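This is the structure, below, for whatever I ask next.
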Amino acid sequence: TLITAPVVAGEYGLGREALPEEVAAWDVDVAPDGTGLPAGSGSVEYGEEVFAEACAYCHGDFAEGVDNWPKLAGGADTLDHEDPLKTVGSYWPYLSTTWDYVNRSMPFGYAQSLEPDDVYAIVAYILYSNDMVDDDFVLSNENFLEVEMPNAGGFIIDDRETAEAHFWNDSPCMENCKDSVEITMRAMVLDVTPDTE
Amino acid sequence: KAGIAAGGAAAAGAAQAGEPDPLITEVQDWASYTGDGVDATPYGMPIEYESDVVRRNVEWLTADTISSINFTPIHALDGTITPQGCAFERHHSGAIELRKEDYRLMINGLVDKPLIFTYEDLERFPRTNKVYFCECAANTGMEWAGAQLNGAQFTHGMIHNMEYSGVSLRTLLEEAGLGAAGDLKDKWVYVEGADASSNGRSIPMEKALDDVLVAFKANGEALRMEHGYPVRLVVPGWEGNMWVKWLRRIEVTNQAIESREETSKYTDTLEDGTSRKWTWEMDAKSVVTSPSPQSPIPHGAGPLVITGLAWSGRGSITGVDVSIDGGKNWQEARLAQPGDDKALTRFYLDINWDGSEMLLQSRAKDSTGYVQPTKAQLRDVRGLNSIYHNNCIQTWWVKESGEAENVEVS
Amino acid sequence: KAGIAAGGAAAAGAAQAGEPDPLITEVQDWASYTGDGVDATPYGMPIEYESDVVRRNVEWLTADTISSINFTPIHALDGTITPQGCAFERHHSGAIELRKEDYRLMINGLVDKPLIFTYEDLERFPRTNKVYFCECAANTGMEWAGAQLNGAQFTHGMIHNMEYSGVSLRTLLEEAGLGAAGDLKDKWVYVEGADASSNGRSIPMEKALDDVLVAFKANGEALRMEHGYPVRLVVPGWEGNMWVKWLRRIEVTNQAIESREETSKYTDTLEDGTSRKWTWEMDAKSVVTSPSPQSPIPHGAGPLVITGLAWSGRGSITGVDVSIDGGKNWQEARLAQPGDDKALTRFYLDINWDGSEMLLQSRAKDSTGYVQPTKAQLRDVRGLNSIYHNNCIQTWWVKESGEAENVEVS
Amino acid sequence: TLITAPVVAGEYGLGREALPEEVAAWDVDVAPDGTGLPAGSGSVEYGEEVFAEACAYCHGDFAEGVDNWPKLAGGADTLDHEDPLKTVGSYWPYLSTTWDYVNRSMPFGYAQSLEPDDVYAIVAYILYSNDMVDDDFVLSNENFLEVEMPNAGGFIIDDRETAEAHFWNDSPCMENCKDSVEITMRAMVLDVTPDTE
C-alpha cells in the first residue's frame, strides 16, 4: 500500500475534538529522546524507600527479583551466553522505557498510581541496583538523557530478509533430503507438560 | 422398534464380534424420549463430552496467571476458524471488564485535530471484514533450546484465527487528518490499551495505513472480554502483542516509542548477544495438529488422516509438504481451501499407515517464496536465545502404539 | 495519572459539553488494578453486557418448545460467521445428548455392502472444509400474509453460517459401493436422524454425490449438541430440514421415501391448492440487519452504516442493491468479501443520513442471474399459503427517531 | 457434478458389514409403494382405543387437534382457501407417510414404542376420522395400497425455474422503478413480537 496523504480530513465529522486536559491525561508515554517526560526529579536514596515499599515484594530489595517475578538488575555481559539475564541494566537500550513502564504499568496491581518524582526516584534506584550510578545520584528530567545504557548499541533492525534470504527457496528438497534421521531430544525426558487428562 | 428389539433385554455395551450391536438393535432413550427444547440454552456451550477441548495454561511459565498466557486446543480442532471461547489469551494485567458506555478512543499526536470517539461513533464509520490469524511472537518459544512441551496445544497453541469486523485504522487516522504529520514515510503510530498493563506498541505508518483494523467483532459477535472487548486492534500478519486489546489511544509520532514491549520484550537475541528489534512479521509456519501428543492415533494400521495448520504473516500459504520420515522425503499435502492472506490454512494428508513408527513433520510455503526452516537452519542464524519467532519445522515421533511425542531429529 | 488527575475527586459520569471527560482524566479501576487471569475461563462465554445477543423463540409459534425453533440474533451480529452458541436451533423432538462412543452410522439399501461406522471410523476418511449457510425453509415464513414479526432476528433469523469439517457423503457411499444401485440417475439417498423425531429426508443421488458433507465440526470445534453432535449432514444451499442432525442412517433407494417432512411439511401450497414438492434449493435472499427494529439508529443525522446479509442456495452472491425509498431507486452496496458459494455474504452501504424517514430494502443477486423478488412478485406466483421459501425483499420503515418497523409497501 | 460410478468400492476398508438384524432394526422407513411395510393389520375399532390412550391427549379424540397441537383430520377442500387446514385426509399424498411417521416418531415423548398391528389400527382410525373409510375397516399390509388419498394428485415437482423464470433478470431496475411508495401494512399493528428487552 502506498503512503499517500488523505484526500479530506474530517470527512465523516465523527467524534469530538479532544480537550488539552484529556490529551494530557492519556498522552503520557515517554520516547527515547525524552519526549513526554514531565518535570521532576528523584534520588537513589528516596527511590530505595519507595522501591522497598511498593516494588521489593516482587522484584527483591535490590531489584534482583523474587521467585518467578522479573529481575530488574544484574545480568551484565550475559547476552551472548546460555540463558542470558535481561534486565534494565544488561539489556534495555533506552532509559525512557524504564521511566515510561514504571510510570504506566507498575506497581503490578496498582498501576498508574505513582507521582512523577516517585518515578524518577525509583528509576534512579534501579540504575543504582544495576551499578550504573552512585548512591548519591539524583535523576531528573534535566539529566535524563545523560544516562548511558550499557546495551544501547546492542540492537539491530529486523534483518531477516537478508540474513535469512536462504529461507526463500523456489525448490525445496522433496526426496532423499538426508542420509539418516536420528531422534536427538525428547520432550518426555523433561516431563514439564501439564497433565491434560 | 418394539417388534424387532423384542428379545432385547441384553445389557447395552460394545458389540460382540459377529453379534448385532445393541446400540442399533435396541431402541435407545434418545430415540424414544424428547431432548432439550429451544429455550434451554439461549447462548449455548459445548456438550459436556467435549470438556477437554479448552484453553490450558502452563503454571511454571509465569509468576502468576494475571500476566500470563493460555493456549488454544489446536490438537482437537479442525477447519480454520477458532471459536472465541477457546481462543488463546495473553494478558499483561488480566482481562478487564470495560462497558461500551465507558469506552473512549483518543487519536492524538501529529494530527490536524485530536479526536475522542465513543464506541457508538466507531460504528458509524465504513467497516470491513476479514479472517486473520493472531499469533503470539512467543508461540513455540519454549522449544528453542530443545523439545520441551508435549502437545501441539502447548508448542503451537498461542494462535487463533477469527473473522474480524471493524473500521480500518486508516479511516480513523484520515478523520483526524494527517496533514500535520508532513511526510508520512518516517512517521509512526503508537497504540495503547486501557488496561493496567497499558500495553503500547509503535507501528510504522506504512502498516498503519495498509490493513490494520480497529475491530469490535470477532466471528460475527462482540469480542470477548479476554480478547479486548469492546475494541481491539488487528494487525494482520504481525505479532500478537501489537494487536492491542481494550484499545484506548492512537498517537501519530515521529519516532518509535520503544516501549517495554518493544525493547525488553519482543526483541530477539542472537548468538553474539546483539538483538533484533522490530521483528513484526510472523514467518511462515505450520504444525501437524493430529496425530500429535494430545491426539494419538486411536486405531491401528490403515487409513489415517494427517492434518494440521499453516500460516504466513507475509501473505498466503501456497503449499504444505508433509514428511513421515523426519524430513528425508516429503509429499505435498492437500489444502482444504486455497491459502487466504494472513489467515490459517488447513492441510490434510491421507495416508495408509503401515503401523510402523513415523517422524511426522510439516513444512509451509508462502506466496513470497518463503519455506519454513528446520530447527537446525533456524538455530544456525538465530542461536538459542531468540525466545520469539520460532517458526521451525516441528517433529512428532508417532510410535507403533499410535502415541506421539515431541522430539527433535538430526 | 496521579499528578494529572489530582483534582479528580469529581464523580464519574458522562462528559459535560466542553468539560474534560472524567472517564479520560481520572484513572479508572481497570487502568490500575488487575483483571481476570488466564485460568479464569478455560472455555469462555460472551461478556455480561452482551446478554441480549442470544437465541430467542416465539412462544405462540408452536405447541411446546421441544418441537420448535429459535432464532439467531442476526440484528446484533456482523461479519458472516455465526458463533455456534447463538446459531438458531430447530428440533422436532428436542436436542439429544449422544456420546461419540454410542454413535453408529449405517449405510444400507442399494449398496454393494451395507456398512456400520463408528465415530472413530469417520475420522479416518479424507476430510473437507467449507463455510456454508444453513437456512430453515420456514425462515420468513410468518411474513407471507403480511408484515408480522418486528425484528430481523424473528423475520430472518432461521439461518446460520459456519465452517464445517467432515467427510464427503460421496466418499462414504463409494465405500459401501454403488454398483448395486445400477444407473444412478434415478436413485435417491434417504438420510435419517437418531433422535426420537427420526427426521428423514430423501436426497437425489446427483446432490448426494456432489457437495453433501457428513460433518462433525463447525467453526473448528465439535458440533454443539443442539446442532447434531456428534455428526450431522450438511446439504449446501438446500433447506435446513435436510441437514439431518444426529445422523444415523443413509440408505440408497430407488424412490423418494416421501416422509412426513417432505410431504406434510416442506411442501409449498400455491394459490390454486396444488403444492410444490422437492423445493430443495434456497432462493437468493438478503436482509438489512442494521438498522432494523431491534437495532435502531442510536444517533441522529449524519454518517450511517447500513449493513446486512445476502445468500443464495444456487451459488454465490454477485451483488446486493439497497434502496432507502422503498424500492423506487437502488444503489449497489459494497460486499465485504467477494460472494462465496452457498455461504453468507456481508454487505454495507455507507450513507450520510439526512435524518428523514427511510423505507429500507435490500435485493440480492446471485451467480445464476437470479434477482431477489419483491413480496408482490413472489405472491403473484406463489400466493399466500406457501409457508416455506419466502425470499421476498424485506422493508424496514426507519423513522426520524431512528427506530425501525417491519412494514410492507406498495 | 457428474453422476459417475465410483472407481473402487471399499477403497478404505473402514467400518464393518452391517448385520441383517441391525439393518432390520433401523431400516424401517416405508415408501409410497409399500416398501418397508411389515406384515400385520389393525381395525378402526381397535385403533380408536389405542388412539384415545396414546394420542388423543394432544391430537383430540377425533384427531381434530387440541390447542396448538397438530390436527390430523378435517380440512377437506381448504387448500385453495385462506389458511388451509392440512391433515392426513386433506393434504397427505401417500398413506405410507402416515404409517411411517406414526411408527417412527409418535407418540411424541415415547416414540418408536408401537407394535406394527397398533400402527395399522391407528392409521385406520386416522383414515376413519377423515371420513375416508367406514367404522368396520381393517387396514393391513395387504390392502394398504388400495386406500386412495384425496390429495394424491395435488403435488407438482418444483417448477421454480420455469414458473419463476422472470426472477432471473440481467438488468433489474435501478432508478425510478415506481411512481409512489406507500406503507400498506405494519407489524406493530399486530404486536405479536416477543419482548426482547
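Per-chain numbering from 1; labels A, B, C and D assigned in written order.
The definition used in the following text is that contacts are C-beta pairs under 8 Å (C-beta built on N, C-alpha and C of every residue); 3 or more make two chains touch, one makes a residue touch a chain.
If you're wondering where the values come from, they're calculated on a predicted model, not measured in any experiment.
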I'd like the Å distance between the centres of subunit A and subunit C, where a centre is the mean of that chain's Cα atoms.
47
Rounded to the nearest Å, the gap separating the Cα centres of subunit A and subunit D is 70
Cα centroid separation between subunit B and subunit C, in whole Å?
26
Among subunit D residues, those touching two or more other chains are 12, 14, 22, 26, 108-109, 111-112
Expected list for subunit B, residues touching two or more other chains, is 21, 24, 31-34, 56-57, 66, 93, 106, 116, 124-125, 196, 198, 302-303
Make each chain a node and each touching pair an edge, then name the shape: line, ring, star, complete, other.
other
For this entry, which pairs of chains touch?
A-B, A-C, B-C, B-D, C-D
Subunit B partner, complex, touching residues on subunit C are 21, 23-24, 28, 30-50, 53-57, 64-66, 68-70, 76-86, 89-91, 93-100, 102, 104, 106, 116, 120, 123-130, 162-165, 194-196, 198, 216-217, 219-222, 224-226, 229, 246, 298-299, 302-305, 307, 334, 336-337, 346, 348, 350
Subunit A partner contacts - residues on subunit B that touch it in the complex:
52, 56-60, 62-63, 66-67, 92-93, 106-109, 112-118, 121, 124-125, 146-151, 153-154, 173-179, 184-185, 190, 192, 196-198, 200, 205-206, 209-211, 248-249, 251, 253, 255-260, 263-264, 267, 269, 271-281, 283, 293-294, 321, 325-331, 359, 363, 365, 368-373, 377, 381, 384-385, 397, 405-410
Write out the stretch or stretches of subunit D touching subunit B in their complex.
12-14, 19, 21-22, 24-26, 28, 38, 103, 108-116
Quick one: which bits of subunit B touch subunit D in the complex? Just the residue numbers, please.
1-5, 18-21, 24-27, 31-34, 302-303
List of subunit A residues in touch with subunit B within their complex
1, 3-12, 14-18, 22-23, 26-27, 29-33, 35, 58, 67-70, 79-80, 82-84, 86, 88, 91-94, 96-97, 100-101, 104-105, 108-109, 111-112, 154-160, 163-164, 166-170, 172-178, 180-188, 190, 192-194, 196-197
